[in-house]
Amino acid sequence: MDLDALTGCLASTACLVTQTTSGLIIGMLLFLVAVGLTLIFGVLKVVNFSHGAFYMFGAYFAMTAYQMSGSFALAMLCGAAGTAILGLVFERVFMSRVYGANVLMQLLVCYAFVLIFDDVVRMVWGPEFRSMGMPAAFQVMPLFIAGGVIPPYYLLLIGVALSMALILGLGLARTRIGKIIRAAAHNPGMVSALGINTGLIYGGVFALGGMLAGLAGALAAPVRSLTPGMGFSVLIESFIVTVIGGMGSILGALIGALLIGLIRSFGSLGFPLFTEGLMYLFMVIVLVARPSGLFGKEIA
Amino acid sequence: MTRTRKPGISRRSTLALMSAGAVTFATPWVARAQAKTIKIGMPTILSGRVAQLGTSSRNAVLLEMDKVNAAGGLAGRQVEMVIRDSKGQPQEAARIARELVNTDGCEMLFDGEASSGSFAVHEVARDLGVLCIHTCSEASSLTADPKQHIPNAFRSVRQGIHDSIVGGSYAAAIAKAKGLKKWATCAPDYAYGRDTTGEFTLYLKRFAPDVEVISVSWPKLFQPDYTEVVTKILQAKPQALYTCLWGGDLTSYIDQANIYAMFSQMEVFAVNMADYTALTVVKNLPKGIHSGNRYIKSFPATPENAAWGDAYKAKYNEYPTNWSWQNATAVMLLAEAVKKANSTDGKKVADALRGLTIKCPFGADGTVTMRAEDQTLIGYAIGWGTTIPQEPYVPQVQAGDWKTIIELEAEWKKSKGYT
Amino acid sequence: MTELQAGRTDSLGVSGVELKSQRGQYLDVLVALAAFVVLAILPVFFGSKALLDFVIRCSAFGLFATSLNLLVGYTGLISFGHGMFFGLGAYGFGLLMQRTGVSIPVAFASTLLITAVVAAVIGAICVRLKEIYFAFVTLAFQMLIHSTILSWTSLTGGDQGLRGGIPRPVFMGLDLSNHLHLYLTSCALLVLGLLLMRQITQSPFGYTLRMIRDNANRASFIGIDVWRAKLMIFVLAALFASTGGMVMALFVSGAYPEFAYWTISGEGIFINMLGGITTFLGPMVGTVLLLTLNDTVTRLTEYYGIVLGIVILFFAIGLRKGLMDFAFDWYAQRRDQVRERAR
Amino acid sequence: MLEIRGLSKSFGGVKATDNVSLDFADGSLTAVIGPNGAGKSTFFNLITGALKPDAGRIVLDGIDIAGRSPPDIVRCGIGRAFQVASIFPSLTVQETMLAAVCVDQRRAAMLHRRFPLVEARERAEYAMELLGLADQRGRTAATLSHGDQKLLDIALALVLEPKVLLLDEPTAGMGTEERWRMIDRIRELWERQKITVVFIEHDMDIVFKIAPSIVVLCYGRILATGAPEAIRRNQAVIEAYLGTEHHAGAAV
C-alpha cells in the first residue's frame, strides 16, 4: 500500500488529469466490450461467455487488414464488420438452438466456442503474440492539457467509444428498431405476435454486440499485443463492469466501465499490489448492496 | 427437472462405472519391457497465452535430438521425445509427468513448464526419482533453495539473479556516466518479476550507491492494458526505468508507452527486450533500449551460434527464443553426460551431469557448465546492450563477467539463507 | 383440534414406507462397500500406476463435482465460485502439514473446520442473491480469494504455490507418501464422501432442497426458512469440495493458485453438465468422462480446445442434457412403454 | 380465533388495504368478495406475511403475528393456497405431502434419516384422501390436470393442520361444473375439519350459495360484512357492483 502516492496525485492537477484520462481510456475500451455483453443479456437473456473471443477476432481481423491494405480505417472496418457477421452466424446457427434449454446449457455452448475460437486463432495466426503497430498518423507527440499527458490516438479512441454510447442510447430510445428491441427485451411473445421476426432481432442484437466487441479489439490492436486467449482477461473485466452497472443496462455499462477504469488508474497508485483485488472487492460490495447492480432493474 | 430416483439406478450405474473404468484402462496400460529406443517425456505449455514457450522449446529439443539420433542416439539407443501439453495447469503438469514415466515408459523428463508448473513437476521427480532437467523455469529458488534440492533434478536455464547482477553492474556504469539518479521499476506481479526486480535494484545500488528508486509498479501478468502504469511512471518523472516484463506484455507495454513518448523522456532498461519474440514483433521499436540478451544469434558472436540460429530459422521459419537455446542446451548436456557415463541409467547420468562442462554455442567462452553444488547452468552467454530497430537489433553486447557473477551469487545465496 | 391424527392408518403402508427408506439406506451402504472393494482390488489386477493416478484424480474431481451438484442440481443454486473451496482445502491442508507438524487426520479435520467457517461467512452474503446474481457474486468471491493467494506471497508462495512438497508423517501405519496407501485413502474418501452426499440428498433435508429448487416461494409458505436451508447446503457442499481439494493437494504434493481459480469452478459446472445434474451419480460419470477425454485428447493433439469444444457442442446441442440424464430418460421411456404393453 | 385490527398497507399513494378490522370465528367459513383491485389478494398477503403491514394487528388466538415472516406465520397455524396453483413440479403428489409434513414436524433440516419418514405417513395419506388425490399419488405434480394441481396446492396448505386456511380464488380458471365440484370439496372439507376457512371468490352464485358469512372489500376498505341476504340487500354493495359485476345485479 502506498497511500501518500495516491494523496500526492490527488493534490496535483497534472497527475489528476493524466490518471483520469488513463482511467477513461481503460474504461472506454472496456465499455465497448461490456455494452455488447449487456445488450445481449438484456434482449436474449444469454450470458455470452464467448464475448471475449469477438474482441480477439476484432483485433486479429484488424491486424490482417492493416498488414494487407495499410489503411487504418479499413482495419477498423474489417474488425467491426467481420465480428458482426461472426456474431450473426454464431447466434443463428448455434445459440438459437439453446434458448429453450437452461442457463447452463447456453453457458456451455459459449464455453465450447471460447475453446474452439482460441484454437482456431492459434491455427490461423500462430501461437506467438503479434502486434499490429501504430499507424504513422498517430505516431506524434502526446498533447499536454493542464499539465496532463494525453496521446492523440487515445482521444480518437475515447471519441469513438463515446459516440458509440451516444448512438446506442439514442438509437434504442428514439428509433423504431430501438423500440422493437426494447419491446423484445421485455416481452418477446408480444413482439412476435406483432408479426416481427424475433429471430432476426436476436441475430441482429448479437451481431451488434459482436460488432462492438470487435471494434474494441480493433481499436486496441495498435497498442495491445495479439495472442490466442487475449479475450479472456477482457471478458472477466467486462463481466465485472456489467454486473456492477446492472445486467441489461447500457448506462450501467458506461458508468461501470468508467468506475473500473478509474479504480485501476488510481488504484495502481494507492495499492500497486492489490489493484485487481480492488475491482473484485468493489463488485462484491455492489452486489451485496444492490443485487441487481447500480442501474439494473430489481428482479422480483 | 430432478426426479427422485429409485436406488436401482445408482447401483447399476455404479457398477457400470467401475467396469467401464476397468475396461478403458486395462488394455493400453500394461507395463512394457525396456525398449531399444529410449523415451524422454516432456510436459510443457503448448496452448493458451504462452503457447510459444512450448512450441519454441519443442522445436529446439527436436532439432537437437535429430542430431543426437543421427549420431547414433544415447548410448546406442535412439531417442523418442514424448511431448505433451499441460495447458499451463500445475495439476496437469504433474499428472502428465507421472503418466509419461509410469505409462509411456519414459526414462527421463524434460520439464518445459514455467513457474508453478515446474515446481509441480519437480515434486513428481522427487517422488519417482527419475532424472529431470528443467528447461524453462527461471525461478531461482527451484535450484538455489536447498529445501528444493534433489539429486536427480537439474536446470539448463538462465537465472534472474545472474541477469540482475550483470544488469545491475551494466546499468550502474551508465547511471554513473549519465548521472541517472531517479529510477522507476515496472515488473509483472509474480515471483519472477518480484525477485528479479528486487535483485536488480539491489545490485544497481551496490554499484551506484546514490541511485534511488522513486516509483514501483506491479501490473498483473498478461494484463492487456498498461496505460495506468505508464502514466503513473510519467508522473514520477524518473531518469531511468527498469522493467522485466517479457513477451507479449513487454510489446504491449512498449506500444502503449511509445504513444506517451516515454522512451524519449528516460533511459529504459528492459532485461527481456533482446529476444526475437519481442524484437521482431514490436513494429516501431524505439532506439537505444538497454536490454540483457535472451537469445540473439549475434551474441556470442561466434560462427557456431550464428549457424545454430540460422539452422533453427531454416527449419522452423522463425527465430529461436530464449526458451529454445535453454532446451537445446539441455539436450547437448544430456548427450554429453550419457557419453561420459556410457549408460542411460538415470543415476549414472545424473552423476555424470554434476559439474559437467561441455562445448556449447551459447557459452560465454564457448562452453557451459552444470554446476555441481546446486545442479544449475552457469557459464552461458550473458550480457547487455542497446537496441536498434532492425537486424541485428542489438549490435554490441557487453558480456557479463562470470567471476563476479558467481562471487555475488554466492553472497546472495548466503543472504537468502540458502547456504 | 382436527381429526387428522384420527385419520385412517394404513399399517401395511406405514411399515412399507419405513422398510423402503430403511432398505434404501442399507443398500447404498452395501453399494458403497462393494464399490470400495472393487477399487481396492483394482491394483491387484492392473499393475498400471497411471490407472491408480487416474482414480485418485477422479476422487478429487468427483468429490468436487458431486458437491457442486448438491447446489446446482438439488437446490438450483448455480455457483460459479465453488472452486474457491477446492483451493481452500488444498491450501489449508498443505499449509497445516508444512507449517505445523500436526498428524494428517488433525490437519484434515482442521481444514474442514476452516472451510466451514469461511463458507458460512461467504455463504451468508451470497445466498441472499437470486439466479445469475448469485452466480456472479460467488465468482467475484472466487476471484477475490485467488488474487489474495497471489498477493499474500509470504504465506501462500504466490504464483509458485506451496513449494517443497507436502510432508506426510506416517499415521498408524498409514503412509501417504506410499502410492498405494494414497490410492486407497483417496478411494475411501471418495466412497465415503459420495455415501454421505447421497444420504444428504435422500434425507428430509434433501427434499427440503428440492422444494426450494422447484418453488422457493411456496416452500417458505409451508414453513421452510429458505435462507437458512440454502446456507446449510452451501456450507455442506463446501466441505466436500474442500475434501476434493485435499486429495488433489496430496496427489500433486503441493497447492497452486490455479486450484482456486475460476477455471476449476468452470470445470466443475462442465463436468456436471456432461454427466447430468438430475441423477446422483451424473457428476461422477461426468468426471470419468471429462478426465478420460482430457487424458486421451491431450495425448493425440495440442488442439485440445477444438476437440473438447465439439464434444461439448454435441452434449449441449445434440443431447441437450447430460449423459446420465439422457440415459435415465431413455430408461424411463422404455419402462413406460413396457407398462403400456402390459395394460 | 383470528382478529384483524386496523390493518393498513399502501403502495406509494394508493391505499391497498385501509384500516381493515375483522373477526373470523373458529370454524367459520367466510367468503371475501369485491370488484377487481379491491385489495383482496393484498389482504391475504398481509395476513400470511408475504407483505409487511404499515399498521394494524393480526391476532391469532391472542398472539399478534403482524409483520412476521411467512414461515413463522405458517407455523402459527395459518395455511394458504394460491390463485395460480403453487406446487413443486418435480415431486410426486405423495412426496409433496410427505415432505410438507416433515417440515411441519420440524424435520426439514434432518440429515441422518431417510425420506420419507414413517411419522409423516398418516397425515399425508389423510390429506390425499380428503382431497381425492390418493389415486394420483404416484404422479409428478407437473403432470397433474389444472384442477388437481389446485387441489394439491390446497392439500399442501391443509396437510400442515392449519387453524386458519386462506384460499385465494380456489375456482379460478375452472369450467362451471369443475368450479362446483371444487367448491363442494371445500365445503365438505370445512365441515369435516372444523377449521376456519376464508376464501376469495368472484362467482357470486357460488358465494351466496355456500358462504355463511361474506366480507365485501372495495378500494381497500370494508364495504360490508354479514350473511348473504344482508349483503344482497346492501345498497352500497349493489352500487359498487352495478355494471361492474353483472352477477351481483342478477343476484339482487
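As written, the chain order gives the labels A, B, C and D, with residue 1 at the start of each chain.
The rule is simple: a residue touches a chain if its C-beta (ideal position, glycine included) is under 8 Å from a C-beta of that chain, and two chains touch if they have at least 3 such contacts.
Since the model is a prediction, treat every value here as computed from it, not as a measurement.
Think of each touching pair as a link: the shortest run of links from chain A to chain D has 2 of them. Remark: the per-chain Cα centre closest to the mean position of all protein Cα atoms belongs to C. Greatest Cα centroid separation from chain D: this falls to B. The distance from the centre of chain C to the centre of chain D, each centre being the mean of the chain's C-alpha atoms, comes to 41 Å. A separation of 34 Å divides the Cα centre of chain A from that of chain B. Annotation: 73 Å between the Cα-based centres of chain B and chain D. Listed for chain D are residues 89-91, 95, each touching two or more other chains. The set of chain C residues that touch two or more partner chains comprises 24, 151, 207, 210, 213-214, 277, 303-305. Across the assembly, chain B contributes residues 1-4, 46-47, 54, 189 that each touch 2 or more other chains.
Touching chain A in their complex are the following residues of chain C: 72, 78, 125, 128-133, 136-137, 139-141, 143-144, 147-148, 151, 262, 266, 269-270, 272-273, 277, 303-306, 308-310, 312-313, 315-317, 320. Contact residues on chain D toward chain C in their complex (touch as defined above): 48, 50, 69-71, 74-75, 79-80, 82, 86-91, 95, 98-100, 102-104, 107-118, 121-123, 125-127, 129, 156-157, 160-161, 163, 192-195. Residue ranges on chain C touching chain B, taken from their complex, read 23-24, 27-28, 31, 34-35, 38-39, 42, 45-51, 53-55, 57-58, 73-74, 76, 150-151, 153, 157-161, 163-165, 177, 198, 207, 210, 213-214, 248, 251-254, 256-259, 263, 277-281, 284-285, 288, 292, 294-295, 298-299, 302-305, 324, 327-328, 331-332. Across the interface of their complex, chain D is touched by residues 1-5, 7-10, 13-15, 17-18, 20-22, 24-25, 199-200, 202-208, 210-211, 213-215, 217-225, 228-229, 232 of chain C. Chain contact summary for the complex, chain A toward chain C: residues 47, 94, 97-98, 101, 103-105, 107-109, 111-116, 118-120, 122-123, 236, 239-240, 243, 247, 273-274, 276-277, 280-281, 283-284, 287-288, 291-292, 299.
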